[in-house]
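Contents: one structure, followed by commentary.
So that you can tell them apart, the chains are marked A, B and C in the order they are listed, and the count of residues begins at 1 in each.
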Amino acid sequence: MIVDWFDTNLVSILNGFAIGSLLFILAVGLSIVFGMMDVLNLAHGALYLAGAYLGYQFAGDTSSWLGFGTALGAAALVGLLAGGVLSTMTEPLARRPHLDQALLTLGVALVVAELLAISYGNDVLRVNAPPGLNESVQVFGRTYPAYRLALIGVGLMIAIAVYVVVERTTIGALVRASVADRDMVSALGVDNRKVKLAVLGAGSALAAVAGVLGGPIYGAAPGLDETVLILALVVVVIGGLGSIKGAFIGALVIGQVESLGRALVPDLASFMLFGALALVLIVRPRGLFGAKAAG
Amino acid sequence: MTALELRGVGRQFGALRAVDDVDLTVAAGTRHGLIGPNGAGKSTLFKLIAGTLRVSAGSVLLAGRDVTGLRESQRARLGISQTLQHSSLFLPLSVQQNVLLAAQRRHGNPGSLWPRRQAAARDRMGELLAAVGLSTRRSAPAGDLSHGERRQLEIAVALACEPSLLLLDEPAAGMSPAEGDRLVELVQALPREVTVLIVEHDLDVVFRVAESVTVLHLGQVLLTGSPSQVRESASVREAYLGTADRAELFVQGGPG
Amino acid sequence: MSTPADAETVTTRTRPVGAAIGLLVVVGLALVPLFVAPYETTIIGRILIFALLAVSLDLLVGITGLPSLGHAAYFGIGAYTAGWLTINVTAEAPIPLLAAAGAGALAAAATGWLAVRSGGIFFLMLTLAIGELIFQLAQSWESVTGGSNGLYGIPAVQLAGSPLVLAGLRYWYVLAVFLIGYAVLRLVSASPFGAVLRGIRDNEPRMRSLGYSPFRYKLVAFVLAGAVAGLAGGLLTAQQRLVTTADLGFTTAALALLAVVIGGAGTLWGPCLGAALVVLIRDALGPRLDGHGPLVLGLVFILTVYLLPRGFAGLAGLRFRRRPAEPA
């Protein structure tokens, strides 16, 4: 019986993992930036969208490793730069209420999304998966797009890489210490602004890279920025601010809710997303792995 | 009648026992002093009584009723009111609005969605502002007050709750001598329905106000007794001698 | 912008002046259909509707200190409720409006109890997520909302049996309801309850130690704001006789917040000015920019944060005051 159930829903489950993978790449930066710097970067979705359009730019016409690789590199670069710009822009607001920084990034998000819409129009644009990955493979007797399997793998790799960097390196120790107690770290003589610059840059680069990676599945289109921002926020809230483990588990849960949930009970999918959020917050107001006080 | 009873109250921060197995009984209507060196756990104990912090052990009884499980707001409605060591006011709001917020809960209609004059609450506010000497500053934003004035305002706010148990955490800190005198008079003039617990480093103030004193050291009760007993106790001296300048303060601290 | 002014500090001198200005504005607004062309009248009507949404949001942002990015959800729910009712039950005023306000309140109660448990940026995130989920719901529930096509073919509102088809009459209807909604929020803001909300905004822990349960007050404020937002949504339906998912989307919510911030949070009248600017850019300037009004709005957003931390109200200097510093 259970085997049958698995068999019928295999595609949905795998899709859930692929979405979860993408969500993790997207959410982990958002979570750390927020946990560390109390900067709620509402431009995160716009960065994803910028990445998606870069994917279209370099891998829109043909399927090639060169094009896809260039898109990834360009996205990482654009993301880094954007992170630097955001970090500089929010610096004068450091002494003002956190809300001001959120509003600023919201303004940036509106501008970026609109500029992209002006340049690329309102249609859904295709992004090609690289050769070899743009076909289907057999998984337990079902055909499944190879690209999505690869995406699951990439997501896992990035998760491990981020985990190792944050948990096992000196820079990571600094990041973790900043999440726990920022003033303490600056009292030790570490320049907060540099840590913020680095984290915001890395987080933004991951968001833009996620845009390229998500391209072959979702394409590039106006409105995607909002959708992914919301999903990433739900992941962050569920997982707990500043927690990598939380972002990972949250992304997996929301990935399955979005995919398996939609497949099993299509009418209730939105409710389930909210339900999952509500449930977690009732039981753990600060998210599954959140230690820091909210707000 | 006891106003407050603490049974084996403790609170840990990580490995630190900030308050450790404290038993304390305060009779209704008394003015009780709580002293001890820096970091003895006085402020923490106050927060445990008021419910700002949760106890790690023991229970808190207010007028014989166990309130350990109650939230801070619930305990406040039962009559606990506190001033914090570090002023906690509504800085952008006017002085009178600060007091009115407290007064309207007892004397007004805080849930009313319709504008009301709340005459009773306003009268009470006027009285209290006069009592703490802030009548002329009533429409200034609390954030514009001097440090000493803020302490006075804190007391007016705490009294506007009409407490049966008033917790004052270093109310005289930062006050001028004249302001300190006014504070002592104010506390002495409080009706006997109000039980007062006061933490103060200025022992002169403590001994003028308090009828009984508890000495806290490293989170534990060292001694409870009359002011003269406390003044003469050798172990108390020793506790304070750890911090040299405090010892001097202590020797000087007598009435007059 | 999140350290808004305090109603209590209005000096007795400025109060009659403010009242006189207010009266003049109301008279001016009432005369609009007599002197202004129908198209412009309609734009002013839209401003009033958006202003009502912004003022209801100000109750949360400026007075209670709860910055919401999902407030358009209750606006949209009100609009859909009024639209559905007008099509399927009755177009007779004020039934669709009352139902819209009721639906807004209900939806706010159903979601607010979760949101108001948090505060600050966390609240911002939660309301954003909740708002977006309601948006998705509207998009997928096609039988009622018409999905992405929107709800159209809504009959004109009827007043005592006769439909309000003339732009001028419809405008007066909108103006009257706006004034009622604004007055309600003004009264609440001046009430003891409003004082409690400001206390929560400025120092929630202290309110707790004074014996208040902030949760209850915040929830009531949230429901009230949801009701007035729903009312504004009902007006939207009456005005444009079409409801789309964009009306409860993220952009609408963000623009409402922008209106509050530009105008000056906590003043109630400031957000009305902010709403005027936002609607003018979006609806009047936007078409000339090929529909890229949001670009200008985004820039306005960025500039406001840097240059006008207190919004227009701060510029007016009436309540300008730097946030007092904590003593050392």
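The working rule: a contact is a pair of C-beta atoms (placed from the backbone, for glycine too) under 8 Å apart; a residue touches a chain by one contact, two chains touch by 3 or more.
Please read these numbers as outputs of a predicted model, since none were measured by experiment.
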item: Shared interface partners, meaning chains that touch chain B and chain C; value: none
item: Per-chain Cα centre nearest the global Cα centre, belonging to chain; value: C
item: For chain B paired with chain C, centre-to-centre distance based on mean C-alpha positions, whole Å; value: 43
item: Euclidean distance of C-alpha centroids - chain A vs chain B, Å; value: 49
item: CA centroid of chain A to CA centroid of chain C, Å; value: 31
item: Chain C: positions in contact with at least two other chains; value: 3
item: Chain A, residues touching no fewer than two other chains; value: none
item: For the chain B and chain C complex, residues of the former touching the latter; value: 50, 52, 71-73, 76-77, 81-82, 87-94, 96-97, 100-102, 104-105, 108-116, 118, 139, 141-144, 147, 150, 157, 161, 174
item: Chain C-touching residues of chain A, taken from the complex the two chains share; value: 34, 38, 40, 92-93, 96-100, 102-104, 106-111, 113-115, 117-118, 226-227, 229-230, 233-234, 236-237, 241, 267, 269-271, 273-274, 277-278, 281-282, 285, 294-295
item: List of chain C residues in touch with chain B within their complex; value: 3-6, 8-9, 187-188, 190-193, 195-196, 198-199, 202-203, 205-213, 224, 321, 323-327
item: Chain A-touching residues of chain C, taken from the complex the two chains share; value: 1-3, 67, 69, 114, 117-126, 128-130, 132-133, 136-137, 140, 249-251, 254, 257-258, 261, 290, 292, 294-295, 297-302, 304-306, 309
